[in-house]
Structure formats: C-alpha cells, structure tokens
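Pasting the structures in now, so scroll down.
Presented sequentially are two complexes of subunit A, the first with subunit B as partner and the second with subunit C.
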Partner chain A sequence: MSGSPDSMSRTAELVFVCGSAGLAAFGVLLVNLAREEVRATPPLAAFLVVALAFGLLLVALRAWAPDATPLLIPTASILAALGFVTIYRLDEDLASLHGWWLLLSATMAALWLYAVSEKGLGHRGGGWWPLLALAAGLVAIPSLGSDGGTIWLAWESGAGVVLNPGEIVKLVAVVLFATLLAERQAFFSAGGRYTASLISARVTTVWPSLTLLGLVLIGVAIRDPGTFMTVVGVFCVMAYMATNRVAYLVGGLGAGLLWLVAGPWLSEDLQTRITVWTDPWTQPDGPGNRLAEGLFGLAAGSLSGTGFGLGDPDLIPESTTSLAFAAVGEELGLAGTVVVLAAYALMVVTGFGIALRAREVFQKLLAGGLSLLLGAQTAMSVAGVVGLLPGTAMPIPFLSYGLSLTMVGFILLAVLARVSHEERV
Partner chain B sequence: MNGPVRRVVLVLGIVFLILVVDLTYWQAIAADRLRENPRNPRVELTRSGQERGQIVSADAVVLARSVPDTFDPGVYRREYPYGSVYAHVVGFSSALFGDRGVEAAHASLLRSRRDLTTSGILNALLGDDLRPRSIQLTLYHELQVKAARALGDRRGAVVALDPATGQVLAMASSPSFNPNALVGTNAAVVWDALTESPDGPLDNRAIAGSLPRLLTSGGTITLDEMDPHSALGIATRVAAAGQDGLMMRPYVTARVFDADSNQVEQTDPEPMTDTFSYEAALSLYGESRPLAVGDARDGPVDTVGNSGVAEIGAGEPAAWFFGVWPATRPTIVVAVVVYAGEPGRAAAASIGRTVLEAWIDMISRPLTNKR
Partner chain C sequence: MPAAILVALKFIFVALVYLLVWRVATAVAEHVGAKPWRVLGGPGTGLTVVRSDTQNGLEIDVRQPIVLGSGSEADVHIDDAYASDLHARLDPEEGSLTLADLGSTSGTYVNGKRVTAVVALSRGDSIQIGKTVMEVK
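Right, the complex of A and B next:
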C-alpha cells in the first residue's frame, strides 16, 4: 500500500473495473438464462452501467487525485456489480433505476473531486459544512412525520424513487464530527475543562450545524433507531480516536444499552423488532419478522449458493434494501458472503490505512470516521440479518438499492481517495 | 493519535470475524434444520417437481406415484391412480397448498434427500441411500374401494379396523375430492371451490382432528381426542370393549421400503395408554345383537352389531352403525357414520354390511391376497 501509485496501477484499476462490469453482465446473463430467456440488452446495460460509473470515477481520480491508493475503487466496483445483479434478479425496473443512481452518484463524486481539487481538503472542514447540515436537515425533517418503521421519503410518488435521509445524515455527521474534533481536540482531550473557550469559538459554523444535527437526530432516534445508534456510536469512537480517552467508548456503550432498554417504551416498532429478535421462530409471519425470513434465505444458500437466478430471494422481505445481504447469501452461499465480507474488510482496512498516514488531524479523523462508518454500517447490516443485533433494518453500502445510499457510498470513496492523494503529494 | 485508530481497526476485525463465524453457523451448520422448518416458504417450493416415493396399499396396489415429465425427465408430477377413493388417507402433495394425509405425515421419508445441503453432500459422500422411500399402508385396496363405493355421495365416513393390532383396514370419507386436480393445472380454482364448499370435502369425517398423530408412527393419541361418534372413535372403542378394554393405537402406515424394495422400517402394534370397558361401550352403543341390525338383518353369519343416532360435533344428528366379525375373536370391526339422522340408519347398516361381506369374501379366498 506504500509508494505513489503510478499510471500502471491506474491502468490495473481500469482492468479490474472492467472485470467487475463483466461480472455484472455475466450475472445478469445467468439470471436471464435461469428464466429461460436470452436477451442481449440487459447484460450489455449492466456492463455499461458498472463500467461507466466506475470508469468516470477513475477518470476523475486520474485528473484530480492521481496519487490516491488503487485498492478502493476496484473492490467497491465488485460489490456494486454483485449488488446490481442481485437487484436485477429481484426487480428489473428497480435495477434500471439503480443503474441511473450509480451513474448519478459517480457524477456527483467526480464533481466533488473537482470542487476540492483547487484548494485541497485543508486542515478543517471549512465554512460550507453548515450548508450540508442544513440540507440534511431539510431532507430529514419532512420524513419524520411518516409512519413508524419506515422513514423513507418518496420523491415523485411511486416509481421507487426514494431518498433515505438517514444515510445523508450519517455522512454529514462524520464530516461535522471530524471538523469539531479537529478544531477542539484540546477540549475533548481534557474532558470538558475548557468549556468556555469552546463556546466562544466558531459560533458561526460548528455549533449551529451541530444543533441542527442534534434536532434531526432526536427525530431520527424515534423513527430510525439504526441511524441514531450509528451516529452516536461513530461520534464516540471518533472522539476516542481523536483523544485516546476510553471514557468515550464506555459512554457510547452505555448510551447504546440505555437505548436498548428505553427504546421499546418510545417506539412500538422497536418493541416488535426486539421481540422478534429474542425469538424469531415462534413469532408470527409479517413485516416485523424479517429475521426468520432472512435466515431462511441464508440457509437456502448453504455452502455454495443456489446460483444467480436459481434461488428464491424474492421470498425475503426488503431483499433489495436492508436484507440484500441475505439475498446475496441465498444465491452465492457461504462462499459468496465470506468473499463479500472480505471485500468490505479490505476497503475498511485501506480506509484506516489512509487515516494512519494522513498528515492533518482533520483528514485523519475524516478518513478514520468514514472508514468506521463503512465498517460499522456493513457490520450492523449483516449483524441485523444474522440476528446478532435486533433488526437494524439497515441497508448495506454498494449492495443495496437506493439513491442516497449509493450517493453516500461514492462520495465516501471520493473523500477517502482525496485524503489518500493529499498525503502522498 | 494512531494508537487508538489501530485499536479500532482491531476491534472491527474481530467484529467481522464474529460475523463470518455466525454466517458459517447459519449457512452450514443450522442450514439443514432451517430448510426443513415448516415456516420456511421454500419447503413448499422445492417440493414441486421433485421425485417422491410411492405409497402402496397392503395388497400392493400403487396409490400415489411420481411420473417423470415427458419433456423434462428431471421434473416429476405426482399421480394418484384412485383419486377420490384415498383422498383423505393418502392426501396430496401440492406445491401451492401444502401436504395432507400420509403425504404430509411422512414427507421427510417420501422426499429425496439428494440436494446441495451440507448433510446432503456429506451423506452422499458417505454412501448413504438418499433416494425417496416408499410407504406401505395397512389399508386393503379391495376393501377400501368397496367401502368408498358403498358410501357413495352420502355425507359420512367408514372405518374398518383390525381390533387385535389397531391396523386401519379401510377408511373412507364423503364428500371426497380428486387429489389429482390439486397438482395439475387449474389447481387454484379447484382449491378455492374445495375450501369454500359448505360440505367441507377436505375434512376427514372418519377422524375429526387427530389425523397427523394417528398417521405418524410413534405418535401418541388418547381416547379423548377421538369423538365417540366419529367412525374411528366407534371402531376403536368397540374393538377395545371386545378385548377386556385393551385399546390398540390405530395406525395406517405398515412398512417403509427403500428404493430397492428392502424393508427399512415396520410399525409394530402398540396398546394405547387408556382403556375402554365393555360396560362403557354398552352405555354408549347399546347391546350388540346378532344380525339384527336394520337392513343388515340378512347379513353374514356370525356378525354382531348395532346402530343408533347421535349428535356429532356441532350438533348434527348422525346415524351410526358398527359391526364385528366373527362374534368371538373378531378380525374386523367396521364403523359407519351417515349424516342423515334417523333415516340414515338403514343406509349406515347397509354400508357396514357391504364392507363386512367384502372382508369375509377376501379372507376366505385361498392365499393370494392374505396378509
């Protein structure tokens, strides 16, 4: 992982991405064959979507972050290809939408790389983070009044155009935390003895953003406990990384346990989820009991899986979003799920490697926080599927369907790549 | 600052390892158990098209078989040659509506265990026989056909029991249905008609409720679970009263064979935990009289029996009949229920006589179909 990647490794990346695009095309072809239909268009479209989205990202990297590590993009492209095939296998219309989301997200990531290429990331977040927080708030707040359990905000009703504000809130939170912790490292290390100096400082940027985020979180805490837990957990671990004070971890764990105890009183949905979690086998079927259905899917996959298009992942509820991992497990088996987990682990370790080598505290925290977010969200999603956590109903980055999830995934890649580039210049 | 970052990576690594271990548990170790879980909707789906074992009668007539598809030899279609005659005992195996009867109770024997599960692969490597097994019932085809035909389209049921062993020799219920219609095309329409019919053709009137445990060898069943005026309830009690109160557990599956026709299992007669005295039978069914039973007055020699009217379940008046042959050390107890009140008594007795005659005719023939 050391040494500046030259044009050779950029070319290797391109070859890998084309391989992933080929994988997507092959997977879609297999799905079609399983249905005994042979069409040229779907495999070609799958190839083009993956190749164009990640190709665009590679072009942007070559232009605006040429020294970035070559490990991230190919790994992400394999996961995105698997995700695309899984979504296609479950719902063709949703897959064509997801294709557009991949291209849109890649475009946004490329634009972001261009936007920061001029001045660089610098040593702190800069003045425009409050705007991001405001945007996240605007997206999140209208959805808080919707029915319990589902916090998805539908734009252009029907058609499956959905935006999950929770995903955007998580990304914004990591960036804000990195800014705050980098600016006030002394305060957090000292454990709050310099309260006065913190209050006086940067009233214009960090505090309004944090207040807004806090308000959003209070709402999210009730509607979307998974996102709330992630944000609180990510803050505690980032504070620990910034200060080396174990108290933050203890506090985070305590808050998590408290939430687990108090949560059922606040939210009936959470209560159902916890009941199902403690005993999925005797609970009635229904939307609340995703756990048993997901495990049935994983079990059907067994060691080698049924093969693309040959299983029954359509029996799993929410198989394109929060239980996408179970759908992958059914058709690719234990072999597939372990490889997928290894791919995530590779990305997370690469991200933390970038954090370790970063020169600025802010960049260290940013890369560390984003890697943590990727690792934690993956782990929480999978843990929810296998029943280690009470039904977190959390989509898994790159595999699940969703505009916001895909967008956040690509921005995360771009930010990590940019930090990686800056530490090598 | 790099120290805590490294520790965070270590913890995340451990978390991922735990996830891999847990996935291995669900996808390799517990996978077989989950695949058999009755709540798993895949159990129904994988069943369709798979080869299943045969179900044959005591006199070796095939009652259910799997026929390979003409165009795709890997896909099998379930076939019931005698249709409605065995509809309630043999039941059916439908991808859409689940299993009933013996098809349900012994699904794990009848199904092929050749698949890609961990145990499937391991067992295949160890040389286990994974082919579907066949089941031989205690029912005699000759007797069953006569019983079903005698019952006709009257609402009611017939049960013939071997009192010494508890073997069910015949069991028919009416109205019945054609199980072949539930595995073919248009099955959904047929199913809707069957489930919505006020006559309840899917109900087994001979048993009322206790079927699954009755069919499964080793299943326990108690006296209270058998309505004293259902056909099986009458037959079992009368049989017990004739042998000092000892009740034998009624059963319908006699033997299990592997694909090479070697017997691998046999159901042994076993007494039930409860007893039923002669006095109790007297108060329930009255004194049995030789031949003096309704239209069975000119019935076979040495037959005793009685008939009456009782309310079954939701207060429906039903005529019942029982007949025993021979009067001492009987080899058969026949019980008939006809849902028609007092006017049904003659019909019930006539049906009973037909079945008794068929049995006497059958076992007095030289050897051929002997048990």
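Right, the complex of A and C next:
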C-alpha cells in the first residue's frame, strides 16, 4: 500500500498472523509430543483458529479501516497464540471453547468496524450504552458467582461458559470518560470551579450513561475491587492527559492508598487478601494457595522453563485465567515471561502513538485510555501473580481464557485501529 | 520422544516468539514519535491565502513559530473583522506543521472542522479564520 511504512505493510501483517498461527500449531504439537501423543488434528485446529480469527480482523480492517496502523494486530496475534497453547496445555476442552471465543470476538470486532465505517468515530462516544446496560444487567444479577474478587456468570452445564461483566464495564468506562473529558475539558482543567459547565453536559449522551456507570461501579466495588481500582486509576490518568493537572494523579494515588489502608475494615475478602499477600506461606493450602502456587510455578520455570507439557502448571489455581502468566512462566521460564511483557509493552506504545497522532480530543483520549487500560490490566495481573500487589485476580487480555475478556480485547484492537485510520483520512 | 529433543524444540519455540516480537519491535521503534505516514504530499511548509477580501494570494512562510491575528502583536496580520487579535499559532516541528487555536472568539477551522486541540497540518489542508481561507502548501 502506497504511503505505508516499508517495514510493516498490510502484507507483512498477514505474514505475521500466519506466523502466529504457525506458532500456535507448533506449541500444541510440542504439548502432544511431551505427552507421547501424535495427533494431526489439534495443531491444525490451533493454526486454523488463530489464522481465521486474526485473518477475519485483517479483512475487516482492509475493508473498513484501510489506513490503520499495521503494528497492532501482529503483537496481539502472537499473544493470542501463546495464550491458546497455554490453555490447550491445561485443558483441551477449554481450549476448543476458547477457539470459538476467538472467532466470535473477531466477528464482533469486524461488525463494530463495519458499524462505524459510515459515520466514523466522531467527537464523542455515542451508541455505547447498550453494552453498558448489558454490563449493568449482568452485574445486577444476584446469583452471580463471586470468586475471590472476580465476578462470574457461569452456566455450569455449558462447561465453563463464563461472562465477566467487569471486563465490559472497563471498556465502556473508558469510552464514557473520553466523551466526558473531551466535552467538558474546561471544567476539569478548572479543577471543578465551573460546576455549571459540567451540569450542562449533553443530557442525552453523557449523564444517563454516567449514572448507570456509577451504579455499576458501586456493584463492582463491593465484589470486584481489582476492576474498581483499574477504572478509577484509568480515569485519573485520563483526566491528567486531558488537562495536564498533576492533582488528578496525586488524587488517584492517594485514593488507591486510602483504599488499601481502609479496605480491610470494609471488606473481609480484602483483609484476607492483604494478609495472604504479606505472607502467603503460613497458609499455603488455604487462602495463600493462589499466590504460593503461582510463585512455585514461576520458580519451577526458572530461566528457560520446563517446556510445554513438561511442567505442572495444572497445580496452579486459575491457571487459565488470572494466573495465566504463572502458567507461561512455569513452562517457558523467564525467557517466556519477558517476551510476553515486551509484547504488551509494544501494544501499549503503539496505542499511545495512535493517541498522540489522533486529530480529535475525544479520539486522543479514547486511544490513550484504551492503551492505558490494556497496560494497567496487564500490570495489575502480573503484579498480582508475582506478589507486588495483593492478589488482584485479573485475567490478562489475549493470554487468558474468557469470552468477555477476549471480546473486549478484540474490540479494543478494532477501536485503536479505527482511531489510527481516522487520523490520516 | 527423547527429552533432549523436547528441550531443543522448546528453545526453538521460544526463539521463534522472540523473532516475531523483535520484528514488531523494530517496526514500532521506527514509528514511535513519527508523523502520520499517510500525509497527502507530505507536511506543509507554508500557507497561501486563497480567499480574502484584501489579502488574496498572500504567501505566509512558516519556518519558525508564528502567530496569526488581526492585532498588532501578531506576527502575520490577518485583515479580517472576525479574526481575534492573537488568533492562532503555527508551529513547524521536525518535518511537520502544527496549528493551535489561541482561544479566538470565532474559532479556527481546518478542513471545515473547528480546532479544539493542536492539529498536524498536511499539504492541501484548508484553514479558515473568520472569512479568510488559507491553504497549506
């Protein structure tokens, strides 16, 4: 394509997606070899799933966002391939389900790209409220399972079909924050002195959504503090990006510390998690199990890992979701975890690049906020695994199993690609 | 399957992941901080007034930051009743030209859209201040 960077064109992007699909097939083959099984179907299926999901996204990008940067999809496809192999290694049934989620998510991202292709992203985020309403409805379901800070909606009969409304809440929150900050930049820059300016914010677009988001966040704060902290943190940094006022950063940091100090009095669950975080070894079979097993896994992996299928990541609880990073660390070692972190860093850097070049304030904040969300979620998940933060129980986009997580990951890619497309149209 | 072969294959797998990520990293490094790569005819270096009551055809060279406006403190005088004293600022950065509105009353428009943040200009973009229209060349 003329004008595209020589080093990475649309064709190169396709080659990368095929490379990632090959990587998934190779990984699955290694798992089978370690188990002394020789089967042709699983590697082929792994190849097809990754190639089809990302291939579909590429086709949608060519059709509806042809000028988008070609730097986003390759990294995501590498991570998704690694995630698929890790899930396959732990649970084959779950992997086949995850394959469907990848395809479904890519289809949704493609449909989203089509939906915005006519009118573009515009100055503010309208039309996202159905997704928010869905998330609100899901959070409000009283029978929702709560598993140490993560909220689930699971159909037991459907073998692990799980929807986590928290993921959807995070994505929609970023869109709403970008809308609000772009529309009411003056208010936030003035430090809240011109309240009238905020109140007069477009009643039809912002306020109903924000009220709904507030209600959802109250629900989330009680049952899923990790999500709550991410949303609040992302808002503070986005407000800083929009206004250049350091007060928002200081305020956010202060609120986080206050939450850490006051949280244990408010929630027993948080209290347990902080106790476990400070000393996982006194109760390694009880609440400390997650952190301890995760650390054991990373230690067993050492520098280069045990190799796919040769470690015991199945001993790590939640190894397909919030402790996926530990599972990768056990079988691919420090070498594997470093490259995974590098890949996430590249995606965040690319996202911020898109934000810097975007022309509209709303799109800048949207791209910046989404990159921040990706970075924050990865950092908090990894910090929870290695014991830097009290167990945040957060899955990592693209690497962990989960329908909502994968869907949000793909939509995030599509939105970033769309902003990138519009910056040079 | 002998363990030695499995270990070798593991290293090959990790090496492949590194290779792919490294390739992306070099491509990203080239574009961090780079200007949009799909700019029509590349970045502009100046403006030409294409519609004005009195200044048609005026060439404005932008080799250093300049302020456009109707006031006497502006670097380039815009003869337009709707222009503010200090209306907009043009800033040539490395190989690109950016425009920022300086809080003008009537606003600055690039290709018909009101400027709310600093925008990068491309060759062929049209800038409107009051009734005066300029084109980036």
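Heads up, the rule we're going with is that the second predicted complex is superposed on the first by the 386 of 425 C-alpha atoms of A that agree within 3 Å, B and C clash if a C-alpha of one lies under 4 Å from a C-alpha of the other, contacts with A are read in each partner's own complex, and residues count from 1 in each chain.
To be clear about the criterion, a contact is a pair of C-beta atoms (placed from the backbone, for glycine too) under 8 Å apart; a residue touches a chain by one contact, two chains touch by 3 or more.
Quantities reported herein were computed from a predicted structural model and do not represent experimental measurements.
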Which of subunit B and subunit C A:D312 touches, first, second, both or neither: first
Contacts of A:V382 with subunit B and subunit C, given as first, second, both or neither: first
Touched partner set for A:S20, first subunit B, second subunit C, both or neither: second
Touching partner for A:A76 - first (subunit B), second (subunit C), both, neither: neither
A:Y240 touches, of subunit B and subunit C: first, second, both or neither? first
First, second, both or neither for A:D67, with subunit B first and subunit C second: second
Contacts of A:R359 with subunit B and subunit C, given as first, second, both or neither: second
First, second, both or neither for A:L341, with subunit B first and subunit C second: first
Touched partner set for A:L33, first subunit B, second subunit C, both or neither: second
Shared contact residues on subunit A - subunit B and subunit C: 304, 349, 356, 361, 364
Interfacial residue positions of subunit B with respect to subunit A in the complex: 1-6, 8-9, 12-13, 15-16, 18-20, 22-24, 26-28, 30-35, 37, 39-42, 45, 116-118, 121
Residues on subunit C engaged by subunit A in the complex (per definition of touch): 1, 6-7, 9-11, 13-14, 16-18, 20-21, 23-28, 30-39, 116-117, 119-120
In the complex with subunit C, residue positions of subunit A that touch it: 3-5, 7-8, 16, 19-20, 23, 26-27, 30, 33-34, 36, 67, 69, 71, 74-75, 78, 82, 185, 304-305, 307-308, 310, 332, 335-336, 339, 342-343, 346, 349-350, 353, 356-357, 359-361, 364, 423-424
Subunit A residues within the subunit B interface of the complex: 237, 240-244, 281, 285, 292, 295-296, 298-304, 306, 312, 315, 329, 333-334, 337-338, 341, 344-345, 348-349, 352, 355-356, 361, 364, 368, 372, 375-376, 379, 382-383, 386, 388
